[in-house]
Every structure is written in structure tokens, then in C-alpha cells.
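These notes open a run of structures that come right after.
Shared between the two complexes below is chain A, which has chain B as its partner in the first and chain C in the second.
And now, the complex of A and B:
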């Protein structure tokens, strides 16, 4: 009995040498190595996502407030070289530099306290898509506000009434908080403020009319859509048909004029929202799609590998047992497999997930439930052939039992085929999950590429030209699929020598 | 009783009929099931330590007969009393198999699931040495397999010793050069030696050799046959040797049974059968033996047979050989319609020699 380990060691040695041979052949296969390289990179991304990615972004994926300062529906920056790059200014930090905040305070002769914030920034080709401002304010008496934009061409655009002439514009009109007394944080997106019909009428229209433009209904409708852009436009005759941006230094001044001498106003954050975002752009909530794409690798690999591994193993053993058993047992087992095989998986999954709560694990389970018969039907026919091999009959003549024949004589011959098949069936599972998520039937708690595509579809991304939102997740799905196809084909060629020629 | 007449195996009326899958229309019409009658009533005895040959064309049922004795094909009828070793009989009766007082056991009476102990006694060597060894196993593992399956409670050293000894016995020396090789690294002759070694390792008393040399190079055949002959002498092994090659049969067989379409048509001493064939079919086979004399190579030989072997699913009535029988045509007047209607019984034409042909009716 002490000699037992010796035989198992020899077995192990066999296996080791077999694998070494396989590895050597695999290394020679170009397709295989390409696939393996991509797979290693993908696995690296999946494993080290907490380091190379931003897990916080994924945790806050559905927390839309987290994303509010990001440009919405912005293409990736490498594809939009003329876009304005986002600048975030906080009380003591500007990043990246390139904008300047000048804060001044003074008392007017009539006892009003003026707190003025001037934001100086340079537009090279395109202006920011929005400016988000956030202030900490505290006042106990009537407070008015002045917003004006000084342009490089010397024009000054008033975006509020002048508080030094007449009643001015109250804080309420801009920030929606009480004019006479407030203590807290106020915030506004300048773009939405400017394009409000009332404000278009009161401020943009007089400015443009003073520059000699005729403003009719058509022009008003242009202004309510892209009034913010026009603030940064050259005042060409063709302004309303085609905006040409005016480069140079802009100065946006926001001044609070309060009757309360003890009032205090300070910048919490000002964001000059850019026209591009990151490496993979952003969606309509401003979410960083790059994080979504990187994070999705993990789930694609889990879904693909788990579903294909389980269905191949189950199907493989089922098929071998069926083929080996023969007769009525085989007939019944084969029919069961064929019935399941003939069920169209996607419609069934759609139906099921319309009824039950979608969960990624249930999905993987169902992909296995509907995925094994393909493998079973193939391995059954292989087993039918293999069980007639003389060496199987010879083992039977010696007295080998069913278990031994199935697992030591027939299955090992089929194993290589199953290996290749595992790799080759990964893309199917990945695509099935993506399809379901695309249709909105995916696991709502998990961010997958299919889900990103689903949101892109809901935002009509293809029609609106948000190509990054559709194309990049699509490329990722294709990449995972291709990777496994490459590996699978290489394995297939090595392990099924008949295909070699 | 069996020991008295020296028979190790007595096969009586063995039938192996494979049902033909009926079509749905046939099932509905309730047509009777049809069969391929691969083996259709075969009886013979095998004496201890002899080489008993089954010869015939391919498809005559000789291989099926051999497999039936190992229960590798379903048996439709018949009995096969086998004289087993004492320990095997004990093992069988422990499993609830009825064993006769005379130490004989009916192979066909044992359920296939309880055959295992008997498989130590009866081994098989296959025609194809390329297919009969598991390509994934090394020679050592292939030879160890029977010991593992039968769980003989041997220590590792005993197992290795046994493997080495059996490899030496089949002259694969030195053994350590072979145990770690895979079958595909060996030549056909070497593989067949491994197959013989695998058959020997359980020390069987009966080996069924199914055309063991027909796929080997002619130069190697004699070596293997000689090896088998030596093992017969040394180990006291009995062979059932299946071959289509009368030249080989003449070399190795003690007695011959000539099979045609699932039946034995002639059985007797090998030398006598080949030198003086009685049955028209045997005559044809003997006439077809290649002529060793090169001077005769251009002579057109007259092989007294016509037509093709019929389908075993559709066996001719009466004597199953009559449609191809030249003697039947020649002796039409004497035989009348008999051959077409009635199956001939066995007529003993000389001591230990039976022929199933109406031509020899007068011997009965």
C-alpha cells in the first residue's frame, strides 16, 4: 500500500507531460497566442479593476448626483481634440489650471455688501458645454445677484438685471431660494438658466438686438436650445444658422449684492463643463463609460466561462453516458437533449425574466440548462463511435465496469474536444447576456456591457451620433468573443489532429 | 464428466440473432421481428490445451461466436459449459451462480453483470493491434489494468514484477524499455505481443484469438504464431483460434471447424480437414489456398464455388450453402430437391469428423 503514491505520481507525470506538449504546440500557434494574450490582459483588467479602475464610480453608478459635474453625452477626448476640457474650481484648488477665480468684496456707499466672483477662462476652439456654480451663502436681508459675461471682443452680456439700477434680479430668480433670508448651499447650471424662455427674452434678446440682429420666433427657438453656445459665438450675420465660436479670454462675473452687511458668500465649486470626457466618453448622466467598460470585463468573463464550462461538462458527460448506454436509455436521453436543444433560448429567457426577477446567477444557470444539449449530442455520437473501438471492447472482455469504461476509456478521448468547445462556446453565453441586458431584462444590480447598450438605445444614441456609447461596449463584447474563438480554434487544431492539414 | 473426456468447453446450439430495427409501418402491420442470424446453432467442444480453429469467410459468424463466449454480444440461445478453476467457481457461487457438481458452469447462464470472475479464465486477443490498446495508456498501465479491474490485492512490487515477467514471456525485453511507452511508439508485432501479454497476465486457461496475425506483416506472423505455440506448451493454455486463412490454420490448429453463414459445416482434425476436405464449401476454401509453387502461378485454378455469400438476414432455406454449391449442381439427380428444403444434420464421416451435407447421408 505504501507504493500507491508511486502510481499516482506516474499518472501525474503523464498529465504534466501532456500539458507541456500542449503548451509547446499552443505557443507555436499564432492565433492561439493572440487570443491568450488578449485573455491575459482581460483577466488582468478584471482582477485588478479596484486598482486600475475606479470602484467608487461603479458603486455610485446609479447615484446620478455623483456624476452631475461631468459633461453629458460627451465623446472621448481623443476623438474630440477641439472640445473644451473640463475645469473644476473649488475654494482653494483649480484643476487643471487654465481658469482663474478672482474674488472681491466691498461695501457700496448705500450700505450694501457686494461679493463678486470673476471667473476668467480661455476658449481655444470650443467653449464649455455648461458652467455649474455652487456657492455657500448666508444672508438675513434682501440679496440680489448680478451675472455678466465679458467676451474677448469687448462685448458684455448681462444675464441678470443690474442690481445697481432699479430692482435688479433676486437670488430667488436664479437659485430658487428665499431672497430675504437664507443660509446654505445654492447651485445652478448656467446653461439651463440662460436658455429659460423668460431669460432669453429678458437678456439674450436685448443683447443680440443691440448688435443689430432681428429676433423673431425662429430665432427665439434657437436661443432656447443653444443660447448658451451663442454666448461664445462670433457675432456673424449667419449666427442663427451656424455658430462660429469666438476664441479668447472670457470673464464670467457673478456678484451678490446684499443689504445685509454681515452676509457671507463663498465659492464651493465651479465647474466649466467640457465637451469631451475621458477615454470612453460619457453617457447622458455624465457617467464615465470607461469605468463601465473596464468593470464589464469581470462579468463577461464570469458569465462566459461559468456558463460554457458547466454546460460543456454536463453536456459532455451526459452525451457520453447516453451514447455508451445505447438502446432505450440512449433513445430517451437523446430525445430529452434534442427537445431542450430545439427550444429557442432567447425568447424563453425573455419570457422568464419578464416573470421572475432577473439575476445574473439565474441567468448563468439557465444558459447552462439550455446550453448543454449541443455538447451532449456531439459527444453522444463520439461515444457511439468510441465504444465500438476494439480497445474498449477489449477492456470489456477483461471485465472493466461501466464507470471505468465511460470515465477512463471513452471520456478521455473526448476531453480535448470538450476543451476546445469550452473556449468556443464562451462568446455565445456573453452575447446571450448582452442581448438580454440590451432588452432591459438583465440583472438590474449588475453593470454589464449589455446594460450600457440598453441605456444607449434608450437615449437613441445611434440616431444622435453618440457613437462611443454604442461602439465601445460593442467592441468589448466582440473582443471577448474573438479572444475565445481564437483560443478555441487553436486548441481545436492542436487537439484534433485531423484538422491540422 | 467433462474432465473425463478432456473438454474445457462444450458449446451447444449457440445462437446469436441480432434483431433488425423494424420500421414504423412494419410495427403497425405487426410483422414478425426479423433477425440477422449471425450465429445460428453452433455446437462444438474444445479439448484442454488444444488449438481449436474456427475458419470461414468474413461474415460467417466466427468472430461473433468468439465474442459470444465472452458475453460481448447478446446471446439468443444455447449453452456453453466451461471447466473453470476452483477459485473462480468459488467466486461465482459466492455471487449466486449455480455451479455444477462436475465443476462446469454455463457461460450463457450467467447474467453479464456477474461474468467478471469468469473473465479471468477466458481472455481475448484481437485482430487489430493498433486498435485494441488504449492509445492514452502506457504499456505498463495497459498491463496493469486487468490486475486493477480484478483487484487481486497485489502490492506495487508484485504488480511490477508480474508486468515485467509477462513482458519477458512475450519477449518484449528488456521490459523496462517498454512499460513507459505508448502503444503508438511500438510496431504492429510489438503491439500484438503487448495484447498477448495483457491476455496472459491473469493466467487464463482459454484464450480466444480473433485473427491475431492477419493484420501483421507476413514476416512477423510466424513469430507471433510461434510465441502462441510456445505459451500453449508452457502455460497449458487452450486456444480458440479464429481465422479466415487456411494456410495459418494448417500451421497452428489441432482441430478445425469450418463455418458458413452462422453454422459449422465441417469439423474435424485439422490435418485431415485440409488434406481431405469433405464439405463442398471446405473444398472450395482449400482450393483457394494460395499456391506456394511459383511455377503454378499462371495456372488458372478452379475454385469450386459460385456466387456471393448471402445476407445473414436472409438465409436460404434448406442447406444454406446450396445456392453456391457446385456439388449440388453436379449431383442434382441423387440429391433431388432435398438441399433446397431440408437443412442437413451432421454426418460422422470418420472418427471425430462431422460434415453437414446431404452428400454424406450414407454415413449415418
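And now, the complex of A and C:
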């Protein structure tokens, strides 16, 4: 009786030594250490995301208002050297780098108060993709507005009627607030104002016609799409087929003309929206994809590790028990494992998540339910051999029970192979989650790379050439996969020396 | 795929049944096995359906009953008792009409029969082909998927065999290193993502191939109509037919092949390297058999049974990914049907597509088991008694 704890201690000593050997050989493997290094970096990103990333961005991921000042569908800035860089002008900072705001106020002879805001900015290669303006206004009498753009070639484009000649354009036409009395904040995206069919007809068309262009239906439809860009274009004969931008100093003037002498108008914020964004670009709502990419590491690791860990452990134990038991029990257990093994998982998961509400934990559970038999079939055949080994027989002879034999004598021998299997089955789980999310069947409460790719696909990213939106999330998925494959392959090579040769 | 290199010899998919006698017995057992798997999956799909339908209709009944109760509430000619009876009757009628009464097991059974016979009625729209019937749409999609998938598998198999064999000849050589790296990548990147990249490069940037392959069969039928009308000669017809196939099928095909070939070639390499140390190879070499013949004649022949096993398993694994790849390319197959069924909430269509996908691969497994039986001499001659999985 007294010999039992002793022998089990020796078993564990063997196991410990075995694992130490494995670790020593692993440290010598170049691929293995590369994989391990990347894994450590990834884990670091996942754990310290609140510090290195921007958790506020993730919290506001579905709050589209939070992202409205960012360029939409913009490539990363390192890849778009000619793009306009975003400039934000606030009340406290009226001349940030790249732009300048000049404010003037005066009274006209007929007693109207004019508050004029001139925004001066330089276009080097490409113009801003949009201009968002936000004013704090207060007036109690009829107020009109003037917007005009002075171009480097001396042309002046009126984007409203001239309030000093005739009726002019009311504040309502631009900002949608009452013309005679309002107190509060008004805002507008100039691009969407300019390309409104009515405004194209009233302002862009006369301007272009005065420059000798013939405007037909085809040209109108171009203007309603890219009218804002044409404001910054060289007036070439080929204008409507290919826009060539006119570099130089632009001046966008927005003036309020109010009959109320006590009216007040203040800039709250003006954003010259650029044509590139951050390190990883932005999506169609202007969200910072870099934050999504960094945040996704956490869920990829959780999904991959949990699913592979659980399925390998369950499968490993199942297989050993099956092989150890032998006979009819083994036959039945093996048959069950093989049936589950040959079910194509993804189609079943797609069907299931189309019907029930997708949840990340249910997904992980199902990946385990369908994922364990692979390991079970391997460990079973290993157990078949191991149970005939002399040391197992010896243990049986001294009276070790079934539980003891399985868990203390056979399973520890198989453990190293299970490590390799855990690593090698992580990519499958990560890809499965990405695939489901790509089909729009991911957990709606969680941001994953698959979901970003799903949004890219829905925005026809391939047809429109939004390469950063497709390339970078996929690289992250591949990186996680590669990391674990490298580790797994290194373990595999150590455990199967014949593969090296 | 790489995991399979660890486990390949112990899986012995077919071999575990080889206890008694010859080919026929083995094949029958295998086929019955696979049919059992198919039945189990059909049962799972049916259960999911019946539960889903039950829940959806239950909700509808409760809503209708509440409306009815509110309606008769205002009727002054009815006593409380009468109202209760009326409501109960109304509910019973509805339940009967919606088919909510009855044995759930019976319902699952009925659903299974409907799925197995593809007797599924009409979809709400025509998504593919020219008929509303779910059966017709799914069968058409199945045909198109089979075309793409079979071609891809054949190309992958041969290219992979070739690369794997040559890599095994010089382990740690240049080809072997490249192969190891590509095997790592092919196991860790989603096929459909590579498809998106291919579209960005070859369709968006270079403009060589179309974004969507949906039109391929329309183009082909236009061509054949033009030929029949005598507008073009046979040679022109043939050439433009080949051109159309390549133009629409190239990108999806190449994507699927690229992703699967690396892992597959790596498995071939590992199996072949293992075989190379065996006695019969040394004997062949000692006899002076040319190296090429040793490689293709002796080693490949001896390795073919486990290789077929791996092909089967590889198929099973890549089918799901390949189907999503179809949606990226708009290939008018099962993948596209999956996509439209999902976006249009056509649950019955979705279930049918799932069933047919499973059917597709069970058939593939059965076919490859036949090939396996033909290749393995132990199975062929009926001396199958002694295959024991080799564990390492």
C-alpha cells in the first residue's frame, strides 16, 4: 500500500522531466521561438489594450455620431501620401497647421449685421473629402446666409444666393432651422449640401455654364455624386470624365446676414475632412480600423485557445479511456467519435446561428462539441499501444485501479502530443469564428476581425478597391493562425523526429 | 491539414472496419456507415427546423389569440364564460391550422422525409435558374458547386502530389523550405479572405477578371444559342466557350487551389518521407531502380491509401471554406444560395442547402472509399485482417 504514492510521485517526476526536455528542445527550435515571440506580443496587445489602444473607441464603435468627423472609407496615411490631412478648427484654436480661420463682423448701411467666417486652406495634391461646419447661433429676426468659395485660379463659386442682391438664401435652406428665430447649435456637411440636386441645379450648373461647359443629364448625375470634388478641380475640357485637382490656396467664406443687430454667431467646430486616416484606415462610418484590429486580438485568442484547449482535453481523455477499455466499449466509443468527426461543422453552424441568436460562448461550445473527435482518434490508438507497455502492466500487477492507470500512467505519456494538438487546432477555431462573422452570423455584441470583413464585403470593398479594409483584418487572422501553427509544428517536429530528416 | 500529418496513420478511416473479408464487405459497411451519418445530420437539421417553426408559429398564435380576445371583449352579448370558451376554441383552431398539434417526433420524421426527398415546395424568389421550386434551385447550385469544387480538388491533388514528392526528395532543400512556409500559411488563412485579395488585385487593380462570376452560365447559353443560329463556326464557338470558362472560373479556382495545395503537399511530403526509410525502398534502390521510378512507382504506390484518406478529410475540411469563397466571387453555387438564403431569411432554403452540402460530401467520402479499396492491396485481396493503426 505504501508504495503507491511513491510510484505516482515517480510518474510525475518522469512527466516533469519529459516536459523539461521538451521545453529545452523547443527553445532550440527557430520556428517555435518565432511563434512563441509573436504569441507573447499578441498576448501583450490583448492584455494591455486599455493602455496601448483606445477603449473609448471600442465602447463607441456602434455610436456613429462619435465618428462623424473622421474621413470615411479612407486609406491609411502611410499609403496615401497625396491625400489631404484632416484639420480641425475649434473656437480656441482658429489657426491649426494647414488652415486658418478669419472672423469679421460689421453692420451694413441698411442695418443688417454681417458675421463672416473665412476659412483659408491650401490644397497641395488632393482636396479635403468633406468640410463639416458647426456654429453656435442666436438670432431673433430673419437671417440669411452666404457661402462662397474662392479658388486659386481667381474663380469665385457661389454656393448660395447673394443676400445683398435680392432675397438670398435663408438659414433654413442650409441648416434646416427656423429663419426668423433660433438659438442653439447648427451643423452641416458641405459636401452633402453641394451635391443636393436642387443646389447642383442652382449653383454648380450656372458656375460651370459660365465657364463654357454644356450641362446635360449625364453631367448633372456626375455633379450629384462628385460635385464637391469638382469645386477643387482644374477646369479642363475633360472635367466630367477625369478630375484633375487644382492646387493652391482656397478660401471658403460662410457669412450670416441677420436683420437682428443683437444676433451672435460663433464657430463651434470646423473640420476639413482629409483623405486618409491613421495607421489602418477607416471604414464607411469613419471608424478607426486600427482600434478594431488591436481589440480583435483578445477575442481571437479567447476563441482559439478556449475551443482548442477544451476539445483537445476532452478528446484526449475520451480517446485514452476508449483505447484503454478495449472491446465493445472501445468499438462503440470509436464509432461515436468517427460519426461526429465526419460531420461538416461549418454548414451546421451556419444553419444554427441563422436561427438562434449568435453568441460567442455558444459558438465556442459548439466548436468543442464538433472538434474533440480528431484528438480522440489519435490518443485512442496511442493508448492501445501504451496499455501493453511493461510499466503499465507492472502498475496493474501491484494493484493500480483503472482510474489510476488511465490518468497517472497512460495520459501523462500522451500529454506532449496534446500540447502540439492544442496549438495546431487554434487557427481552425479562429477561422471558423471569422467565417461565421463574415456571413453576418457573429455575436452582435462583440467586435471581431470577421465582423470587420463582413462590413467590408457589405460595402463592396473589393469592387471599390478599399484594400486596407480587407487586407489588414485578414492579415491579423493569418498572423494568429501562423503563430500557433509555428508553435505546433515545432512541437510536432520534436515529438516526431522522423519528419526532420 | 497539418494536424493530419501528426495523426494520419492512426486515423485509418477505412481500415478500422477491415476486420473480416474483402472489398464488397468493406464497401457495404462503409456505405452504411456514411448513410447513417447522413441520416443523423438530416435528423439534426430537422430537429432544428421543427423547434424553430414551432417557436415562430407559437408566437404568431399568441398574438392572434390576444387580438381575438380584445375583439370579443367589447361584445356585450357574451358572458364571461362564453368568451372564455370562444377564445379557447379559436386558439385550438389556430393551432390545428398551423400544424402545432401532434407528436413532435412525428413532425421531425415528416421533415426528414421531406428533406431526403427534396419535397420542399417553393422559395419566395428565384435566386438561381428559372424556377421557384427549392429543389430545382438547390440542384442547379449543387451542379455548379460540383463543377468548381471537383476541378479544384483534381488540380490540388496532382499539383500537391508533385510538389510533395519533390520536396520529400531533398528534405531541408529550397523547395521543402518553401513548402513548409506555404503549409503554415495555408492552414492559417481563410480561403474567402484570399478570394477578396485576389479580387482586389486581379479584378480591381488589373481588371483581368470579372468581380462576379454569376453570369457565366448565361454567357455560355448565349454562346450556344449563337452557335446554333449559325452565327459562328465550330472552332470559334469552342474557343469562346473555353475563354468564357477560364474568364469566370479562374479566380475562384486558383484561390481554392492556392489555399489547399500547401497543406496537402506538406502531408504528402511527410508520408513519403516516412515511407522512404522502409526496406522495400532501400531494396529498390539497391537493385538500381531509377530514382524517378522509386519515387512514383514504389513510394507513391505504397503511400496511396493514407493519401486518399487525407484527401477525403481535406475535402471535408475545405468544403465549408470553399462555400464561403463562392459568395465572395458570386459563383452561382451552394455558397451563393447560402448567402441569399441568409440575407432573405429563407430558412427552409437554408436547411436544404445545408442538407445538400452534407450530402455532397458524404457522396465524396463514399466515392473515395471505393478508390481506397481499389488502391490498398490488403483490402483488394481480402487479407485485410492485420491493419493496426501505427501510433507514434
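We take it that the second predicted complex is superposed on the first by the 469 of 501 C-alpha atoms of A that agree within 3 Å, B and C clash if a C-alpha of one lies under 4 Å from a C-alpha of the other, contacts with A are read in each partner's own complex, and residues count from 1 in each chain.
Here, a contact is a pair of C-beta atoms (placed from the backbone, for glycine too) under 8 Å apart; a residue touches a chain by one contact, two chains touch by 3 or more.
In this text the structure is predicted, and so the values were computed from the model without any measurement.
*Asks:* Using the touch definition from the top, say if A:440 reaches chain B (first), chain C (second), both or neither.
*Replies:* A:440 sits against chain C, while chain B stays out of touch.
*Asks:* Go through the superposed model and pick first if A:394 touches only chain B, second if only chain C, both, or neither.
*Replies:* Touch partner of A:394: chain B, not chain C.
*Asks:* Now for A:409: first (chain B), second (chain C), both, or neither, which partner does it touch?
*Replies:* first
*Asks:* Check the residue A:198 against both partner chains and state whether it touches chain B (first), chain C (second), both, or neither.
*Replies:* A:198 sits against neither chain B nor chain C.
*Asks:* Kindly classify A:384 by the partners it touches after superposition: chain B alone (first), chain C alone (second), both, or neither?
*Replies:* A:384: touches chain C, not chain B.
*Asks:* As a test of reading the superposition: which chain, chain B or chain C, is in touch with more residues of chain A?
*Replies:* C
*Asks:* Pick one for A:417: touches chain B only (first), chain C only (second), both, or neither.
*Replies:* In the superposed model, A:417 contacts chain C only, not chain B.
*Asks:* Which holds for A:214: it touches chain B only (first), chain C only (second), both, or neither?
*Replies:* Touch status of A:214: no partner.
*Asks:* In the overlaid three-chain picture, which partner chain does A:357 touch, first (chain B) or second (chain C), both, or neither?
*Replies:* In the superposition, A:357 contacts neither chain B nor chain C.
*Asks:* Which chain A residues lie in the overlap of the chain B contact set and the chain C contact set?
*Replies:* Common to the two interfaces on chain A: nothing.
*Asks:* Which of the residues in chain C come into contact with chain A in the complex?
*Replies:* Residue positions touching the partner: 2-3, 5-7, 10-11, 13, 16, 33-34, 36-37, 40-41, 44-45, 48, 52, 171-172, 180, 184-185, 187-190, 192-194, 196-197, 199-200, 203-205, 211, 270, 273-274, 277, 316, 319-321, 323-324, 327-328, 338-339, 341-343, 345, 347, 350-351, 353-354, 357-358, 361, 365, 388-392.
*Asks:* What does chain A use to touch chain B in their complex?
*Replies:* The touching residues are 1-4, 6-7, 14, 389-391, 393-401, 404, 409, 412-413.
*Asks:* What residues on chain A touch chain C, complex-wise?
*Replies:* Per the touch definition, chain A meets chain C at residues 334, 338-339, 342-348, 350-352, 354-355, 374, 377-378, 381-382, 384-385, 417, 420-421, 424-425, 427, 431, 434-435, 438-441, 453, 456-457, 461-465, 467, 470-471, 474, 477-478, 480-482, 484-486, 488-489, 492, 495-496, 498-501.
*Asks:* Mind pulling up the chain B residues that touch chain A in the complex?
*Replies:* Per the touch definition, chain B meets chain A at residues 67, 70, 72, 115-116, 119-120, 123-124, 126-128, 131-136, 138, 144-146, 149-150, 155-157, 195, 198, 202.
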